[in-house]
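First the structure, in the form of structure tokens, and then the observations on it.
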Amino acid sequence: MGEKDGSLRVHLAGEPLAFDLGGHRTGGVSIILGGRSFEAQVSLEERRITVEVDGRRYLFERSDVPEVGAARRPQGDAEVLAPMPGKVIKLLVLPGEEVRANQGVVLFEAMKMQNEIRSPLAGRLVAIAVREGQAVESRDRLFTVKGEPGEK
Amino acid sequence: MFRKLVIANRGEIAVRIARTCRDLGISTVAVYSDADRDGLHVRFADEARRIGPAPSTESYLNMNALLEAARDAGADALHPGYGFLAENAEFARRCQEQGLVFVGPTPDGLALMGDKAAARRIARDTGVPIVPGSEAVSSDQHAIREARRIGFPLLVKAVSGGGGKGMRTVSSPSELLGALRQARSEASSSFGDSAVYLERYLHSPRHIEFQIMADGEGSVIHLLERECSIQRRHQKLIEECPSPRLDPDLRYRMAEAAVAVARAASYRNAGTVEFLLDNEGNFYFLEMNARLQVEHPVTEMVVGLDLVKLQLRIAAGGRLPVSQEEIRPRGWAMEFRIAAEDPFRDFLPCPGRIDFLRPAGGPGVRDDSGVFAGGEVTPHYDPLIAKLIVWGEDRADCLARAERALREYRVEGISTTLPFFRRVLRDPQFRAGEMDVGYIDRNWRGWAAESETISLEKERDRAAIIAAAVSAYRAGSSRRRRIAPPADRSAWVRAGLEEQHGSRR
Amino acid sequence: MFRKLVIANRGEIAVRIARTCRDLGISTVAVYSDADRDGLHVRFADEARRIGPAPSTESYLNMNALLEAARDAGADALHPGYGFLAENAEFARRCQEQGLVFVGPTPDGLALMGDKAAARRIARDTGVPIVPGSEAVSSDQHAIREARRIGFPLLVKAVSGGGGKGMRTVSSPSELLGALRQARSEASSSFGDSAVYLERYLHSPRHIEFQIMADGEGSVIHLLERECSIQRRHQKLIEECPSPRLDPDLRYRMAEAAVAVARAASYRNAGTVEFLLDNEGNFYFLEMNARLQVEHPVTEMVVGLDLVKLQLRIAAGGRLPVSQEEIRPRGWAMEFRIAAEDPFRDFLPCPGRIDFLRPAGGPGVRDDSGVFAGGEVTPHYDPLIAKLIVWGEDRADCLARAERALREYRVEGISTTLPFFRRVLRDPQFRAGEMDVGYIDRNWRGWAAESETISLEKERDRAAIIAAAVSAYRAGSSRRRRIAPPADRSAWVRAGLEEQHGSRR
Amino acid sequence: MGEKDGSLRVHLAGEPLAFDLGGHRTGGVSIILGGRSFEAQVSLEERRITVEVDGRRYLFERSDVPEVGAARRPQGDAEVLAPMPGKVIKLLVLPGEEVRANQGVVLFEAMKMQNEIRSPLAGRLVAIAVREGQAVESRDRLFTVKGEPGEK
């Protein structure tokens, strides 16, 4: 792979391809390849790059950053993080109680919409890191679920 | 006409109202919370007044602050927009007492239509069919009794509600109390009134509504219907005018019913009569929204009239300047609600900074944005940031233009509902006009998953996508400071970069 | 319909054509010079091909390169837009020979209308009055002879011209040869044809043109007129549809004349018949533009049809899908040509980078931009960057919305014609519909000077302006790297900052 | 004059005024003053700041940078600079010739439009710095006119 004057050369399955990349990065990348013109919108997040071309969407994901909302830990536990800034309205499960997969644990309000933050797996709620009424930031830890042994 | 008008709202609707006021030479007063000092609506108004801190209960729902701002500014009218205090009879009454014209129905009219249970009685008494349901439920016990009578599934709905807020679907008795709690809490924070009622849940009906205009002097006209069946959690995402489902006969009968309800209620100003339509062509009165709707622009595009202007004229004591016969619809219009929500994460709201904005343009495209490039979408309010409205000679033309416009539209920095719309536009059912309120629940999960998988037929397409990713990856470190670019490329999974890696030899 | 179409143009019109092609499912091929790799039209097309270096003679006027691009792409049609080769009969013929459908008149039709002198003969023979003038002048001597016959003032006009290029006003014999030289040189570089002719200069007429559509199968209709009297150096800056000057009778007579000329010429596709109208209500055929006009959107807004779509249908061998009786105009529309020109420096073109772009929006506003925020306006081509089109229920409504939209519109980084439009909209004469082609020359110099003087009634207004200047001054050093902020504030003259300085005590 | 939290205090003719300045500089400055809301568009150039408020335009000019197009020198001469990048099409006056005020000296083409660059004063053309066909950048010197003694 090499780059020269806004063009990019890639060998794909042995075949050399010459891309012509436009100069502007905001507002999408303009790519000309084999006479075809694409406008790709690319967004970078901590965990993934999303590329949207012609209304279709492609993901490139990282494996080493915990997923927001429901990150499975190696031991079969899940640590659930706040997906965005918001407020904890109500705790729906008490620490120590059993939870089903997809059961709501925290009632969360953001942008005037209430959503239940659910347990990603069946198991036991071992820790709740927030209290009712608390304002949280994106990626603050909300609660931890320890998976059922049999479920692992 | 008014001299100075307070816009008791924010975002795109405050901008919308400011525009028509400018057109009419009415001076405008924007109000803003601390979170909205940099809002577009502040810039588009002639005056601006702070009304409190970010939480809406202390600002946009704060009657005292709003009335004080109006008094201080010497305003003679107030437009409430939609949501917040738009359908609050007490607020309308207090405006009146202060000598401030409330642009909307009379306080009594609001109280009547705001009490969804009372509105249902009016419809029933006028001979318009209604969905079976309860009055406002006074307690959990009352709710349980009524629920048993109505049967499951059912809906919990806010008495003062609208826009799907304070509304919950309940499929079995065990879910009832939780749903009541959530609906009451949401209703309280959205409308300052926690009262709710129950209604039978109809299986997959269409949501069709009629735009009404009444001058309170006897003239009541309708400005056609809007098809609003594309909803998620009772929030509309796509609306169109006219409805692909109605034939002239059904349209005539529903319009007659809508006008009859408005007449029976001695309604004044703009209102919307909502119906559910089942697939046998039976329609049921749902409620009447006593305010301007979010989706009013599709009507404007088709009838060629400015609904806010009509509202202001009527509020200023004027008669309706058009008769029913003079309403001459032309073409077809659709609205797409561009919200700061990630459709790939269950439409989770995602506030943040808009790095780049390029609305669609060209023939048949109208842009009603409440934001601008460089602006911040705050987590405090509704995630709606812009409305894309598309007009065409007929539905096929409108669909084609909508597809084009959605393809052009660029928002960077936050996730939006745009990818959702692009996918819906490719669906043969939607294109054929076949839809009901269950459409999104039935289809979207599968579509979202499908788009997460890289499955390209052509190597060249794949290569272009890789090039875009690589290009963004390189540019990333300099441009986006808030997000650390991944340090180690080998940590990236899925086909994309691995393919490229593998193809290097 | 066509499968793949080459857009042999750039900027906003290439974007415009790409949009309709997308609506119709026609694949598009953009062409670009080295200066336009980052043009919006490249992004909005399905394919893109480089056709040469920046100078238009080597790219957009390079027939060989264009035809080769079309061949390589496997296109079956070509749309020339306006300007460049749009009215070049040879190019149309070469397209035809290559089996490429040229979206426009036949080569013969182009040759006929392209020869302005021949077009004048047709009009005269059809009984339509023409402005006295010459055939193409073969030499300076010939020109001098003809000029003597016609009398001064007169106009030198390019035989292949349009858009005011290759056109000069000559008020006395001594200016004739210089004007001929300039007109020939400009005509040559703009149209690849240096031939010019002379025409009597009418004193302050209106410029009114009729949009024609003809399918070459006998159907010829008109889509009303456009008032295009707001011109500077024969370039239109504001157009509207309909004209405030025409009453139904005059409209009828002019439309009949326009259709008669098109019929007599066996015209096919979209065309515009231009007239001059004197203040006694006499009209004179000026010429017929055998192409899509820059200002076609005002017609589209009023008649509710897509003119590019009609062009494509006709070019694909279809009949006109509408009859004259089916044309039902609605409301009023105006177009403002936003150009990278500084109205305060005699409309000097000013290319550069667009740092921020916020087009106007809301009801009645259409945005046809050829640029985007972050993009570069190159010095190589026409300075038109965007068209703002505004529609209203009637002229008063349209004026109000235009004023609002112009106030909203923001372009940063380059000077544009926006301040000019804002000033014109405040002029009572313009608002009353009183205008002629001398409007700008008579008024603008004075207005430009007036705005250069700080004369504020209210201290507070003055203070706000000072605050803005101070704020920009502070932000300047970090944001605008290309421009060194002034090092020494005391070096700034005129009232503004001095006032502030003086008020410090 | 003081600034605090995006607000700006100015004393004007003895009266204190509190401005509230919006946070965004691109896209115009939002100013709230005495309840009134202004969106001011400000452009910085080498020689001036232009402020546009509500469709009205105000200039703040520097006195120490020569004006583009026609800068009068102290001695009564004028040095005329290129107003923008473009091409010299034709020289209309020869060095040493007399020129009238406003007489065209250079025929200049930019963005496909030809314009005559005129002499700002009556006098003698003492120097031409460009030749026909030459491409010039903005602010390149085009020619110098020495003013008539009587005109000074």
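Lettered A, B, C and D in written order, each chain numbered from 1.
Just so we're on the same page, a residue touches a chain if its C-beta (ideal position, glycine included) is under 8 Å from a C-beta of that chain, and two chains touch if they have at least 3 such contacts.
In this text the structure is predicted, and so the values were computed from the model without any measurement.
Trainee: Count the C-beta contact pairs for B-D and for C-D, then tell me which is higher.
Mentor: Counting C-beta pairs in contact, C-D comes out ahead.
Trainee: Can you check how far apart chain A and chain C are, centre to centre, with Cα atoms defining each centre and the answer in Å?
Mentor: Roughly 48 Å, centre to centre.
Trainee: From the mean C-alpha coordinate of chain B to that of chain C, what's the distance rounded to whole Å?
Mentor: Distance between chain centres, rounded to whole Å: 38 Å.
Trainee: Roughly how many whole angstrom separate the Cα centroids of chain C and chain D?
Mentor: Going by mean C-alpha positions, chain C sits 27 Å from chain D.
Trainee: Give me the residue numbers in chain A that touch at least two other chains, ranges are fine.
Mentor: Correct list: 26-28, 36.
Trainee: Listing for chain C: what residues touch at least two other chains?
Mentor: 44, 356, 358, 372-374, 407
Trainee: What topology does the chain contact graph adopt: line, ring, star, complete, or other?
Mentor: Shape of the chain contacts: other, as it matches none of the listed patterns.
Trainee: Okay, what are all the chain pairs that touch?
Mentor: Going through each pair of chains, those in contact are A-B, A-C, B-C, B-D, C-D.
Trainee: Please name which positions on chain C make contact with chain A in the complex.
Mentor: Interface residues on chain C, with respect to chain A: 29-30, 37-38, 42-49, 72-73, 372-375.
Trainee: Quick one: in the complex, what on chain D touches chain B?
Mentor: Spelled out, the residues of chain D in touch with chain B are 6, 20, 22-24, 26-28, 30, 32, 35-37, 39.
Trainee: Using the touch rule from the top, collect the residues of chain D that touch chain C in their complex.
Mentor: These residues of chain D touch chain C: 1, 8, 10-15, 17, 19, 21, 25-29, 31, 33-34, 36, 38, 40-46, 49, 51-64, 69, 83-86, 89-90, 107, 109-115.
Trainee: In their shared complex, at which residues does chain B touch chain C?
Mentor: Per the touch definition, chain B meets chain C at residues 15-16, 19-20, 22-25, 44, 297, 300, 304-306, 328, 330-331, 356-359, 361-369, 372-374, 393, 397, 400-401, 403-404, 407-408.
Trainee: In their shared complex, at which residues does chain B touch chain A?
Mentor: Residue list for chain B touching chain A: 56, 165, 181-182, 185-186, 189-190, 233, 340, 344-346, 348-351, 355-356, 358, 379-383, 406-407, 410, 412, 415, 419, 422-423, 425-426, 451-452, 454, 459-473, 475-476, 479-480, 483-486, 488, 491-494, 496-497, 499-500, 503-505.
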